[in-house]
Amino acid sequence: MIVVMEHKASQELVDAVTVRLKQLGFDNHLSVGVERTIIGAIGEKRPEYIEQLAAMPGVEKIVPILKPFKLAGREFHSEPSQVRVGDVIIGGEEIVVMAGPCAVESEEQLLETAREVKKNGAHILRGGAFKPRTSPYSFQGLEEDGLRILAAARRETGLPVVTEIVNPRDVELVAQYADMLQVGARNMQNFTLLREVGKCQKPVLLKRGLAATVEEWLMAAEYIISSGNDNVVLCERGIRTYETGTRNTLDLSAVPAIKHYSHLPIIVDPSHGTGRWRYVLPMARAAIAAGADGLMIEVHCRPEEALSDGAQSLTPMNFQQLMEETKVLAQAIGRKIGSLTVV
Amino acid sequence: MIVVMEHKASQELVDAVTVRLKQLGFDNHLSVGVERTIIGAIGEKRPEYIEQLAAMPGVEKIVPILKPFKLAGREFHSEPSQVRVGDVIIGGEEIVVMAGPCAVESEEQLLETAREVKKNGAHILRGGAFKPRTSPYSFQGLEEDGLRILAAARRETGLPVVTEIVNPRDVELVAQYADMLQVGARNMQNFTLLREVGKCQKPVLLKRGLAATVEEWLMAAEYIISSGNDNVVLCERGIRTYETGTRNTLDLSAVPAIKHYSHLPIIVDPSHGTGRWRYVLPMARAAIAAGADGLMIEVHCRPEEALSDGAQSLTPMNFQQLMEETKVLAQAIGRKIGSLTVV
Amino acid sequence: MIVVMEHKASQELVDAVTVRLKQLGFDNHLSVGVERTIIGAIGEKRPEYIEQLAAMPGVEKIVPILKPFKLAGREFHSEPSQVRVGDVIIGGEEIVVMAGPCAVESEEQLLETAREVKKNGAHILRGGAFKPRTSPYSFQGLEEDGLRILAAARRETGLPVVTEIVNPRDVELVAQYADMLQVGARNMQNFTLLREVGKCQKPVLLKRGLAATVEEWLMAAEYIISSGNDNVVLCERGIRTYETGTRNTLDLSAVPAIKHYSHLPIIVDPSHGTGRWRYVLPMARAAIAAGADGLMIEVHCRPEEALSDGAQSLTPMNFQQLMEETKVLAQAIGRKIGSLTVV
Amino acid sequence: MIVVMEHKASQELVDAVTVRLKQLGFDNHLSVGVERTIIGAIGEKRPEYIEQLAAMPGVEKIVPILKPFKLAGREFHSEPSQVRVGDVIIGGEEIVVMAGPCAVESEEQLLETAREVKKNGAHILRGGAFKPRTSPYSFQGLEEDGLRILAAARRETGLPVVTEIVNPRDVELVAQYADMLQVGARNMQNFTLLREVGKCQKPVLLKRGLAATVEEWLMAAEYIISSGNDNVVLCERGIRTYETGTRNTLDLSAVPAIKHYSHLPIIVDPSHGTGRWRYVLPMARAAIAAGADGLMIEVHCRPEEALSDGAQSLTPMNFQQLMEETKVLAQAIGRKIGSLTVV
């Protein structure tokens, strides 16, 4: 790290910092400029040291140099990781499509949708049994009944299932039914939950928090991996900005940024990312062109009756168009979508 | 709610929406303009209806009219609420100061700080036993040992204790030791946790999420109140913006906004709000002038050795100055701080 | 527009609003709900009426219904526009690539780069002669000398030239040399400048402001068109968010949003949008997949000697790769790049 | 500055950077860590060097150390500046209140308001003759007629006048009539305008841009000062964030931040900062408590007829209350408002 001293910080203050750095086990390199002294500190670094040093008299600021993530980072794991969900590989040549309704509402609704997305070439079925909702008066999900319905849909279609987990206590329960556990945007820094999903071996889909930086997102992945589970897939789903024309601002630059800094696969959710079904198809295409390893798409047979997120759900017909267009696009960049024959 | 139809939406599409509105129990008022038809829908409203209608063909957008919060709102509860923590009343004439270290690090550290903040007129002792940290490698708190130390400090100083809870499972445990449960910014939409603290009767300090609107924050309070606990105090602690000169952007307009829409008390945390100890004093003064019911201030006897948030912690001497300056200010606006005689 | 009255607003206050609405020429539709009265107001609307009504006692808020843009909007101009720059058509089947250095630094530098981008299939040459820079101590551009160099490069390569204009006084000067006038992000709401470029007939490239909504951006276009110049092309170049890992956050959803609301062509500048050359190529591909009509790319033969924006400039070799990859991608979505034979 | 090399950057790449640094006139201090090499570069720094070095192969990033502002900064001008407008001193003991309508609409309107604000103790009269408006169809101001009306109001009330300038060409014209030139938020980085107001000697009120950091704001002041005019007063007026409950987010931490980094006086505009008249009074109090040197307040005798910003304008009665409350508050922090006797 670099310790930047204040303008005209006295020699005593500079000395106090260098003494402290030595106590903490750092090698120091002092650079005395005309206007300011800066101290380069090399060595093992505990996160709290940064704040302690920042609190010393005469210190203007601390500039960290090393990235704080190790296990999620690319520096010591240069090859891209692949994560297996059932028979599906995420992070390989094939672009993986997870599709289904926002919420599991009933067995009929889920099965009907599951058949449609399967027919059109989706690889994984999504559907929420536990729904985190802004209002306590909104539909909160069918809970364990929803999990059972998801398992039934897997039996019928053969598609592995991804579903959200919101309570650390439910890891074992959800893991019984689902093939992949989703940690939602609002829980990206629910560290208790991150550690719990880190203790099981089910693959985890970690959505980016509404206001999380790429670095904080990788630190959330670091929580999971350092707890013992390295089957982590990241999902960009839009960040919160001043723009109100879309529900969120889909930050597709996160795709090359994650590829640059991390070995983890990354998929994109243009449904939450835009909040408007009209924009889902172009942004799905864009996600693939940016290098994403997969898509997560909300599909509902009758969006106007959906209990959650109707405005951003595709009909099966629109989903079919999405699969056809992204298939061509994937080929153009040397990847593929849908190894199954699409009818 | 108002349903805005698209430009040139056909009569059939308009009819379909009005039929659907009637099915859902709304009274309709149709306004046919030259360029657009809008439909005013009056009646009971379930949150999912908005999204369902937004998904209908020919619908441009839905404009909700009523505020979604009922129990936290001022419309049906026009008098300001007061919340009691031990013998301290929050939301009355007296401005309440919660002070102490970011994290409980040891018995000596906490007791030393507790004595200092008590001596200077603080009303409630703060200190974290469970610390949600961005990095899994940072100090995560002393957990139950930290709770015991807090209880010991209360015994010695008589100050009630507020501490953060991060795991829904720990409500009973933390409630045994603490007088007030804090829900941190990263957990503001951890709905499982909100419901759990809503089921006990301990007062809850609900911090605003990093990227939460005032409306979402009140909906989080609604979760707690609708679960049975109406002892909720809000805490503004800065939001995330593009400005990097401060750790967060302290949104003091939230104080009059909350006073306008809600009956709940609101306090301000300028330590997290700015992240820099130099700005804590002026922003504490500003918070009181804006109408806040209290302050939450990080104090550490040796910030340069703090295991968390040293850069934003006040020394006891700076805290003494804060108490003196805010006391004068509180009087100027007809309130008071520190009924105890300050030495 | 919709006038939403406050909870329990008295009959007198409601009457005062309806009287005022009639005075202002609106037809009123009153909807009296149990909790709130809302008034639908239909008719011609001047922007100031919204604020006046919002200031009346008893009014909670005004909800505008109609989009404020007319000439830039799609409602009365449903066909996509095409804008001609020299012999190049923007908004047609062909995706148009504008490339060149951030700033014109010397005749040698510009000509060398111009030859490279021409060789690789760029359609328009970019280069700044007047540079708006955050610091007064940064290189501010060669001004008229820079314009002369641009014109020389056009003579040699045949590429039309786009360059930024920063002073309303310079419209005539810049129009003498350039084929397209660029209004930069920092000037998107420099209304004096917008009106001046609206009075000439040169095509205008209007970059999105750093913190502009899509609606404000279209209103800026409305200034230009309503001044008499409908040759406007929009350019998404990233918005300012809390994320610091990229220079800006490239908001590609703006592409389908603009296509939905407006008939104007839109291009994307991934160089400024990301600020990092490594991310330019994937985001250029994504822009095309999202439906953009063109790209603006910074190219410099020796980025490490650039007087501006070196970190986000491509070398000619990287630019060649970009052209090759985007060509394949454009074909996959039924468009094309580079009708010229690429060597 | 600090040059951070990439993980495992080769010795050749490190050498190339150090050679280049020497060419550019820097002294180098090399720190070779286990994971990364960093190079401290000391010496005179041109802004473009940062970008050039960032573009070199093997360079991860550049960390600037020195603040880029010199003339606006506190390091070489440690005493607070005072700026004189007519007989009013901004930056002294007295807190200065600028008040008046958003726009000059007519002689009657302005004079009536001017008398009211004068009677209640305002020091400077504000009013817009040139109005930058989001929509070309909104009222754009009375232009030179408005300036004449402002001058007439000054003759009658004795209050100096501040008014906005939007066109660099108009500096001489506006300076003939006004005592202080306002550069609005949308023009904070209109560098042509900044240089023009820097060439005259009238005091300048520089509003913070909608999405400007404190550092960029001080760089805008640097443009004015380095052009020859050091009579600059800063005005915080809210920044753009995701929160839509207020028009902008008033960033009062900017007050202590500016006081920390700069010698320039700073005032606060809670009218634009909140956009809602109800919040203006508490935020005006908060601004003073945070240490602001003055306030800018919109006052209109009939807000419901205002041609601009009615929703955020105070009536004279509300303004009187503001003056009374802030007077008490100012005394409480050792300053004063209104040396004139308030009736």
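For reference, chains read A, B, C and D in written order, and residue numbers begin at 1 within each chain.
Quick note on the criterion: a residue touches a chain if its C-beta (ideal position, glycine included) is under 8 Å from a C-beta of that chain, and two chains touch if they have at least 3 such contacts.
The shown structure was predicted, so the numbers you read here are calculated from the model rather than taken from an experiment.
Rotation angle for the C-alpha superposition of chain A on chain B: 180 degrees, rounded in steps of 5. Looking at A-D alongside B-D, one finds more C-beta pairs in contact between the chains of B-D.
Ranked by distance of CA centroids from chain A, the top chain is D. Separating the centre of chain C from that of chain D, both taken as means of CA atoms, is a distance of 26 Å.
Remark: chain A and chain D have CA centroids separated by 39 Å (rounded to whole angstrom). Separating the CA-averaged centres of chain B and chain D is a span of 30 Å. Chain D has residues 211, 240-242, 244 in contact with two or more other chains. On chain B, the positions that touch chain C within their shared complex are 2, 4, 7-8, 29, 31, 33-36, 38, 40, 42-43, 63, 65-66, 75, 240-242, 244.
Residues of chain D touching chain C in their complex: 20, 46-48, 51-56, 68, 132-139, 166-169, 186-187, 189-192, 210-211, 216, 219, 222-223, 226-227, 240, 277, 303-311, 313. On chain D, the positions that touch chain B within their shared complex are 211, 213-215, 239, 241-246, 249-253, 255-257, 260, 273-274, 278-279, 282-283, 285-291, 325, 328-329, 331-333.
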